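The following blocks contain the structures, represented as structure tokens.
Look for subunit A in each of the two complexes below; its partner is subunit B in the first and subunit C in the second.
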Partner chain A sequence: MPKVKINDVEVEVPAGTNMIEAAAKVGVEIPHYCYHPNLSIAGNCRMCLVDIVGGRAPDIACNMQARDGLAIRTDTPAVKKMRQSVMEFLLVNHPLDCPICDQSGECRLQDYYMEHGDYDSRGIEEKVSKKKRQDIGDKIVLDAERCVECSRCVRFGDEVTGTGDLRLMNRGDHTEIGMFPGERLEHHYQGNLADICPVGALTNKDFRFQRRVWYLRETASVCGGCATGCNIQVCHQEGEVFRFLPRRNDAVNKSWMCDHGRDQVPEIAGLKRILRSRVNGAVVDVEAALIALAERLKSAKRVGVVLGSRATNEANWGLLQVVRKNLKSARVFVVGGNDPGSVEYADALLVDADKNPNSAGVALLAAYDGQVETSEALGSAMSDLDVLVVLEDDVLGRLGKSAATLVYLGAFKNKSSEHADVVIPVCHSVEMDGSYINRQGRVQRIRRAVNAAGDSLPAWLVMERLGAKLGSAPGTGMVAAAFNAMAKAVPRMAGMDFKALGEAGLLLAADPSQPEGGDARVETSV
Partner chain B sequence: MSLPAARKMSSTESVYLVEVVKGLVMTMTHIVKNLFDQDRFRTVEYPDVRKTMTDRYRGAHRLLLRPDGKIKCVACMCCPTICPAKCITIIAGEDPNDPAEKFPVEFDIDMLRCIFCGFCVEACPKDAIRMDTRIYEINAYTRQAMIHNKSYMVNLMDGIKPPAEEFYRLNPDSAPAGFTPDEPSATGSP
Partner chain C sequence: MDFPRILSGNWETPNSHTLPVARSLGVYGRLEKALRMQPTEIVQVVKDSGLRGRGGAGFPTGMKWSFVPGPDKRGGKPVYLLCNADESEPGTFKDRYCMWKDPHLMIEGMIIAAHAIGCKVGYVYIRGEFRYIYDRLWEAVHEARAAGLLGNNILGTGVDFELHIHLGAGAYICGEETALISSLEGFKGQPKLKPPFPAVEGAWRAPTIVNNVETLSAVPWIIEHGAAAYKALGTEKSPGTKLFSCSGHIRKPGVYEVALGYPMKDLIEKECGGLLPGRTMKAVIPGGSSVPIMTPAEVYACTMDYESISTVAGSYLGSGGMIVMDDTTDLVAALANLLRFYAHESCGQCTPCREGCGWMYHILCRVRDNCATAEDLVTLKDLADNIHSKTICFFGASAAMPVQSFLLKFKADFIARIEAASKGIASGTHIAPPSPATVGA
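On to the complex of A and B.
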């Protein structure tokens, strides 16, 4: 690997690494607008100009690949002057409407002006005015005046979605970003345009004017919208979630996420949440509902339990433990498919046809247990069952039938919760800790961002309390202990620790029952 | 920490009567002086007479309007951010017919919490909020009424010329840059 020097600090980086990334490794931030790690190099913003030691002229760091002996400096007076001049150049026609701009607080123009600009305005000419507030898609508002023509959005359309919808038009200081006449953004990844725009030219309609970004706190989590398990930041303030942002994980979603994932945000505090426990339609507290549930399970002869492909590993582990320790004759099922009403869209980029975030986790548990039955078996056994306990999945909606007594543990109202005799609310994925396993077999952490809505409890805790009522609890006591107990028992999770999952997650060990290369541990094609 | 020892009284002080007479002489002197020179009075006969506050006095907040009658505030959230008492609540909305795009649907200041530091006025990039009303009687019968809302603060100076504007109109040389006298006086709802 080539060794390069940044401000006299030597660092070894893989061949082909550009100098922005190499400098970041030694803690030197090189300012940039057009460079994005998951897009091609355009080199048109000129903000990352650095001096090459012994070189003829300054060059852009984003297009400078590491080679042995390369030494750059980012702290010379010349570099400082270049950055200041580029800032002045970019701001010549900027409208400076920060008070009404949604990007304020996370705007590169603001940040870099304070850090590298800080000049006195010399502008006496009138600024070039362009078209503001253009409605170019279902999710995006374009303000051409604020644009610095970095072309990130153009490259996103060309390289990631392949739609090629946004274009740079005209010349000189009349250059502006725009769409072809009569065209609108049609793809399902529009939200990313607002994320990659380093300034306020592309802003998100759903988040527009909702909250200033400096109020928001961020929690690293995983999207629960489909089996891809895109890494996200949950942006929230005082118990309210305002937006999901993609979190970079090159092995899963690079820097992107789909709009369906973002559309989950209003559902978190929406009218479809189950807030109170119900027994036979009457609102009761969770304790009473758990007692009622335990009584029904004890008195029933034939009990069926459905593991939740929308629930966390810890919840499913707890449920399996409760059943195997207390209800010897109970049958456990896994129901595939999607809830009715879920988005049917799927593509080769990120959106998976399976809308359950933890199908792989449930499959893993089923393989471990060995006696878990399929949805076909559940369909034919339904009439024999006295009580059916369902975790999150809308079994009634998916299969169209249910047992005599239905028990629903879930976050959202659906057909199953409507017809259930006992309903216990469980937390949404942004309200609890836990882990999902995505379609690659990557175990990823979700983290609690906001407090639980209503009486909701984390599902693994419901299992703990239910187990205590039935006689023997899983005995884990904490979500980390539940995960670690599962990791200890399941061979493919050997050696995993809840705290060691980290931001990027860990891959499961290869499946011994599958032939070489036959399992689903493929990298996504993003 | 020990307290200093009590001072020894002098012989006249220990008699006590002499000191009482001294005090009475002081009181009588002021009574006679005030009788003949009433301008010296420090006391104001409130509420019949009110003190005139200086131009720099930070009174109740008011919200300003643009010449076209719309509210100046664009809900940029600078004032609730800087407010050390966290007494300002703004809900932003979008106005499709206004080039300013953004406006406050609600703008509430909890005057029970406000500490009158004036940071909101300093932070405002649009000169939309000022504390130049010189109003210091901020009171109400309920806590709810102590929360000044948008229309209250817009119409606060109805029929009254805000002192600072009046002053700047008379002394345009000392007016801050960008000051334009609102003619006629800005009234009505935004």
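On to the complex of A and C.
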């Protein structure tokens, strides 16, 4: 690996690393607009110009690959002046409409002006005016005047979605970002355009003017929209979630997420949430519902339980333990497929056809238990069952039938919850901690961002309290303990620790029942 | 000075653009010899000749050719030879004569160059405004193909070469080699980042050599007479002859071929017939509009070669587009006019050039119109410095150098406008700096 020097600090980086990334490794931030780690190098913003020690002329760090002996400086007066002048050029035709611009607070023009610009304005010429407030897609509004022509969105369309929709038209200072006449953004990744736009040119219709970003707090989590498990930041303020942003994880979703994932935000506090427990249609508190549920389970002869492919590993582990410890004769099932009303779209990029975030986790538990039965078995056993306990999956919707007594534990109203005798609300993924296993076999953490809606409890806590009422608690009262117990028991999770899952998650060990390379532990092809 | 007219020798012969006449003048006479040489031999001869790129940068041609990776190192990719016939630098009009008068000489040069670099398909990228030459080039290609000079197994040597003529859409920047490649590929004509350099990864990501029309047209003579004969012409570092496009306030504007190292004074006074009667020289732009301007004193001390113009005047030989300006010239208006061109032609990719060229133009308009202050001149100089060499391609420097050099060498002209502005004197282009009497009034 080549050794390079940034401001006299030596660092060893993999061959091919560019100097923006190399500098970041030693804590030196090189400002940039056009560079994006998951897009090709454009080199046009000129903000990352640095001095090369012993070099003839300054050059851009983004297109400079680490090689042995390369030494750059980012702290010289020349570099300072270059950054200042690039800021001056960028702003000379910028409308400076920050007070009405929704990018304020997360705008690279603002940030870099304060850090690297800070000059007295000499811009007395008339500014070039361009088209504002253009509706270019279902999710995006374009303001061409605010654009810094970095071409990130152009490259996103060319390289990620392959739609080639946005283009830089015209030349010189009349260069303008735009769409071809009469065309609109048609792809399912529009939200990313607003994310990668370093300024207020592309803003997200769903989020703009909802909240100034400096009020928002961010919690690192995972999207629950499908089996891909895109890493996200949940942006929230005072218990309200305002948006999901993709969080970079090159092994899963790079820096992207789909619009369907973002569309979940309004559902969090939407009318379809289950807020109160119900027994036979009457609203009761959770404790009363749990007592009623325990009674039903104790008196029933034939109990069926469905593990939840939308629920966390901890909740499923808890449910399995409750059954195996207390209800020896109960049968456990896994139901495939998606809930009715799920998004039907899927593609090869990120959106998986399986809309359940934890199908792999459930499959893993089923393999561990060895006696978990399939949808077909449940279908034929249904009429024999006295009580069917369902965790999150809309079994009635998916299979079209249910047992005599249906118990539903979930966050959203659906066909199962409507017909259930006992309903207990559980937390949405942004309201609790836990873990999912995505389609690659990557164990990833979700984190609590906001308080639970209504009487919702984390499903793993519901299991703990239910188990206690049945005689033996599963030990899932604390999320980390639940996960660690599961990791200790399941061989493919050997050595995993909840706190050590980190931001990027951990891959399961190879599946011994599959031929080498035959398991699903592959990196996505984003 | 006595020297052979390597490039323009056939221009006066009627119908020199047709194949029979061209052949009677010796064009294609060197082809078979060249095609029977080893490619490396040709590269070596051109290297030894010291031929430098005539498009403006003056890069050694043989060295450029030697950068093409060998057949075993290019992963099955073809090699492309592109002839840069975009000739877009203001003040330059030599390539159009080469192509109009002697297209077969250029084609012969291209076939030899293609053989040297292992290329089977070449393109001539010709600027959109040269539509009439475009037609003539195609005619020449068809003639050559019918005569077995293009196509497979040229002259029975086993060498294959196909040539296509591609008409651009008329953009200055498409004369920059990577922008030319972008445009040829069908994309917006914008320069690409280097590295990778075109010789390694150019058109369609294959090794590509881009040479100027004049450069390629010089190759057959070098093959015929040898490297030493070519090197004997011109100066040590600038061998050979060069075409100079001479325009401006001279009696005989036109294209003149002289050996490099020819005194600039002689070029103006002998070849070009001197200035118009009763005029004195104010300034000369020696190598196309983007190179720094020269004062008369520098002109008289200079010879026309790469090193003299650089050391004496801090300017460049460039493409050899010499623009002579006499004492009637309003240099402020001239510079504003130049910047209008650059602001219009900036491809809009890099921040400093995109925003800066327009900005400089607006300031210059105010200076020209007697509406500027002394601070504006400081800003102007600063902007030019902030653009120069801060961009992907050389365009930024091309726009900055005129501003820097005009302000450095002819500052008085600009100061006069500022003073006029401060005294509220009405503007008007093409006015001489106000006389003391006017200022007093």
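What we mean here is this: the second predicted complex is superposed on the first by the 525 of 526 C-alpha atoms of A that agree within 3 Å, B and C clash if a C-alpha of one lies under 4 Å from a C-alpha of the other, contacts with A are read in each partner's own complex, and residues count from 1 in each chain.
The rule is simple: contacts are C-beta pairs under 8 Å (C-beta built on N, C-alpha and C of every residue); 3 or more make two chains touch, one makes a residue touch a chain.
Everything quoted here is computed from the prediction, not taken from an experiment.
**Q** In the superposition on subunit A, see if there is space for subunit B and subunit C together, and answer fit or clash.
**A** After superposition on subunit A, which the two structures share, subunit B sits beside subunit C with no clash.
**Q** Please work out whether A:128 is in contact with subunit B alone, subunit C alone, both, or neither, and reply first, second, both or neither.
**A** Second partner only.
**Q** Can you report the vertex angle at subunit A, computed from the C-alpha centres of the three chains with subunit B and subunit C as the arms, to the nearest 10 degrees?
**A** An angle of 90 degrees, rounded.
**Q** May I ask you to decide whether A:82 touches subunit B, subunit C, both, or neither, giving the answer as first, second, both or neither?
**A** second
**Q** By the touch definition at the top of the document, which applies to A:168: first (subunit B), second (subunit C), both, or neither?
**A** Second partner only, subunit C.
**Q** Under the stated touch criterion, name the partner, subunit B or subunit C, that contacts more residues in subunit A.
**A** C
**Q** Taking the superposition as given, does A:368 touch the first partner, subunit B, the second, subunit C, both, or neither?
**A** Neither partner.
**Q** Where does A:90 make contact in the superposed view: on subunit B (first), on subunit C (second), on both, or on neither?
**A** A:90 contacts subunit C only, not subunit B.
**Q** Which holds for A:208: it touches subunit B only (first), subunit C only (second), both, or neither?
**A** Only subunit B; A:208 stays clear of subunit C.
**Q** Thinking of the overlay built on chain A, is A:98 touched by subunit B (first), by subunit C (second), by both, or by neither?
**A** In the superposition, A:98 touches subunit B alone.
**Q** Quick check: superposed on A, how many Å separate the nearest Cα atoms of subunit B and subunit C?
**A** The answer for the closest subunit B-subunit C C-alpha pair is 23 Å.
**Q** Quick one: in the complex, what on subunit C touches subunit A?
**A** Per the touch definition, subunit C meets subunit A at residues 171, 188, 193, 195, 343-352, 354-359, 362-363, 375, 379, 382, 386, 389-392.
**Q** In the complex formed with subunit C, which residues of subunit A make contact?
**A** 41-47, 49, 57-58, 63, 81-82, 85-86, 88-90, 92-93, 122, 125-126, 128, 148-149, 168, 170-175
**Q** Given the complex with subunit A, which residues does subunit B contribute to the contact?
**A** Against subunit A, the touching part of subunit B is residues 74-78, 81, 92-94, 99-102, 125-126.
**Q** Once bound in the complex, which stretches of subunit A touch subunit B?
**A** Contacts found on subunit A: 98-100, 104, 132-133, 208-210, 212, 214-215.
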